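One structure, pasted below without further comment.
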Amino acid sequence: MGASSKEQKEKPGDEDVNRQIALIEAALYVAGRPLDLKTLGRIIGSRSKRKVRELARMLMKEYEKRNSSLEVLELEDQRFVLQLKTDYASKVRRLAVRPLLTDGPLRTLAYIAYRQPVSQKQVIAARGTHAYKHIRQLVEMGLVEKEQRGRNKILRATEYFADYFGLSHNPVTMKRQLIRILNSIANKEKKKQSERKNKENRESLPLNLY
Amino acid sequence: MGASSKEQKEKPGDEDVNRQIALIEAALYVAGRPLDLKTLGRIIGSRSKRKVRELARMLMKEYEKRNSSLEVLELEDQRFVLQLKTDYASKVRRLAVRPLLTDGPLRTLAYIAYRQPVSQKQVIAARGTHAYKHIRQLVEMGLVEKEQRGRNKILRATEYFADYFGLSHNPVTMKRQLIRILNSIANKEKKKQSERKNKENRESLPLNLY
Amino acid sequence: MRTEETDRPFYFHPPWNILFDPQMLEKINPWKINLSFILLSFLEEMEKRDVIDFRASGIALDSSATVYLMKSRLLLKLEEPPPPPREPNPDYVPPPIILPLRYELTTTTIQNLLEALEDAIKTENLFKLKVPPRSELLLAPQEIVPPINVYLMEMEEQMSNLLRKIRFFIKEGKIVTFSKLIRGLEKLEQIRNFIILLFLAHRKKISLWQKEDSDEIFITLGEDTPDGSFK
């Protein structure tokens, strides 16, 4: 009798666990970026980080066992991500056809990430009034967040933005990373340019430093 | 000796098959849209449509066996797609990368798809002036295309839209398929509404259903 | 076992509660109230329960009169009553289509982002943001050109001097700002320092920052000069 009651208890429990693991998979699939335990917990309706981690690890093990081109990884900061294994990426990358954003909004996004925290006013001044629309789109997509500070609206790039481009979540580090990569591009380009024409406009030099 | 040579032959063969199935999975994952046998064949380096279909079906079966929130579907025109099972959608919808359409634009989209090709004027007449905004949004997202014909703007659903539902790219077939889908959604909704009406004691209830 | 909920009279629940809550009644659009349905069901419910509550009936009647009054007032204001809810649509609008959720790898890379950033920066009004703390410093070029020429000749030396000074400040654990670096210097010296800073930044010896709404320039050691090295 004890056994049967235990069985009865366990069966729905197992189903629950399966459903929760599948929900974590669903979340990671749809997000396409690393998610933290809190976010995953909210999806499966659990506040226990320990439990969420356990379930996510079960999903990870399941993927390890499968013959799959996808993998679930646990990152150092206890976030989990579902992604394509790198050795498959090169073969299928060309099937991706749609950009995240069109040119205009992408420029506005890059500008915000570079100048963050930056007032909406400054973004509009630098990018033109069409940037209002871009900002709305970027906020909707979760790439930029807006904060009212006094009379100003302050914009900054979100963690989702950082994850998408593989940048640090820390705004200062993120900015430094951007500048470093940008400088290396700028230098390469400068070399190319100076090879083409030796006469360089002196005024433009310091401007490219930033 | 014969056995061992057979073993040697089969082993790499199996690995090949596994690798090819995983490649098909990778392709479907990255594309996020239905892919035809030719495209999948190019990825795995095979010109035999029969073989590609067989492998894709093996992947489909594997997904069916798993406790997964994801599914691989074979569409009518022999295209395959990897997507989230619908009963998981509501729980993880908000994690999606792209801004998701709200009810209003989705209704306008349904109307356009149902009546296509349809003049913008007619859409506005049926859906109200706020539909101008919806149309702009739908065009931006690539779900609807606008064509100037004389003084009229003609709207229709795009192939990208058709891919979302695994519909045929042929406009006539697409429309027929769509009408079937829309009618089934409408019937489901009617059922839900009548169920809701029976339970309608509290005002808060219907609001929480969505 | 009786809960508080069951202790309350039935008419305090929807749909009848509308007649017993004057505040709610005031807020609602009277055209949305189906009086005959509410009153009939109210009577039926009382019959079913076999309790005739005259006081409640009186209130219901009073509220109904109020609703009628509200309706007639709206009519007097030439406000049309809303069309009956189930009027056939001129055109059938199907229910919203829910798009299936599919992950899709997008083609935008960090490279694209940086190219976009370059474009954005090129078109930005850079002078507004990049001028040194006191813009008047750059507004007198005639005066500073000759000394700079001398300066350029000893640029290497000047750069290492300034870099040493910056490192000193960083070693002290202080934030190095441009104003701190030039404190006490004459205008011309300040300009020279600024130009050397630009050269240092160009060689990635240092990085320069500005915060929004501030003219201050912040200085950190660059990637070629990691914080720990004081060679």
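Residue numbering begins at 1 within each chain, and the chains themselves are lettered A, B and C in the order written.
The definition used in the following text is that contacts are C-beta pairs under 8 Å (C-beta built on N, C-alpha and C of every residue); 3 or more make two chains touch, one makes a residue touch a chain.
What you see is a predicted model, and the numbers here were worked out from it, not measured in a lab.
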Core chain by centroid distance, with centroids computed from Cα atoms only: A
Taking each chain's C-alpha mean as its centre, the one farthest from chain C: B
Chain A-chain B separation of Cα centroids, rounded to whole Å: 24
Whole-Å gap separating chain A and chain C, where each centre is the average of the chain's CA atoms: 19
Geometric centre distance via CA averages, chain C-chain B, whole Å: 33
Per-residue multi-chain contacts in chain B, two or more chains: 29-31, 84, 88, 92-93, 96-98
Touching two or more other chains - residues of chain C: 101, 103-106
Chain C - residues contacting chain B, complex: 13-14, 89-106
For the chain B and chain C complex, residues of the former touching the latter: 29-33, 81-84, 86, 88-89, 92-93, 96-98, 100-101, 103, 106-107, 109-111, 113-115, 122, 125-127, 164-165, 181-183, 185-186, 189, 201-203
Footprint of chain A on chain C - complex, ascending: 101, 103-110, 112-121, 123-126, 128, 130, 198, 201-202, 204, 207-208, 212-213, 223
Residues of chain A touching chain B in the complex: 18, 21-23, 25-27, 29-33, 35, 39, 43, 62, 66-70, 84-85, 88-89, 91-93, 95-98, 100, 137, 140-141
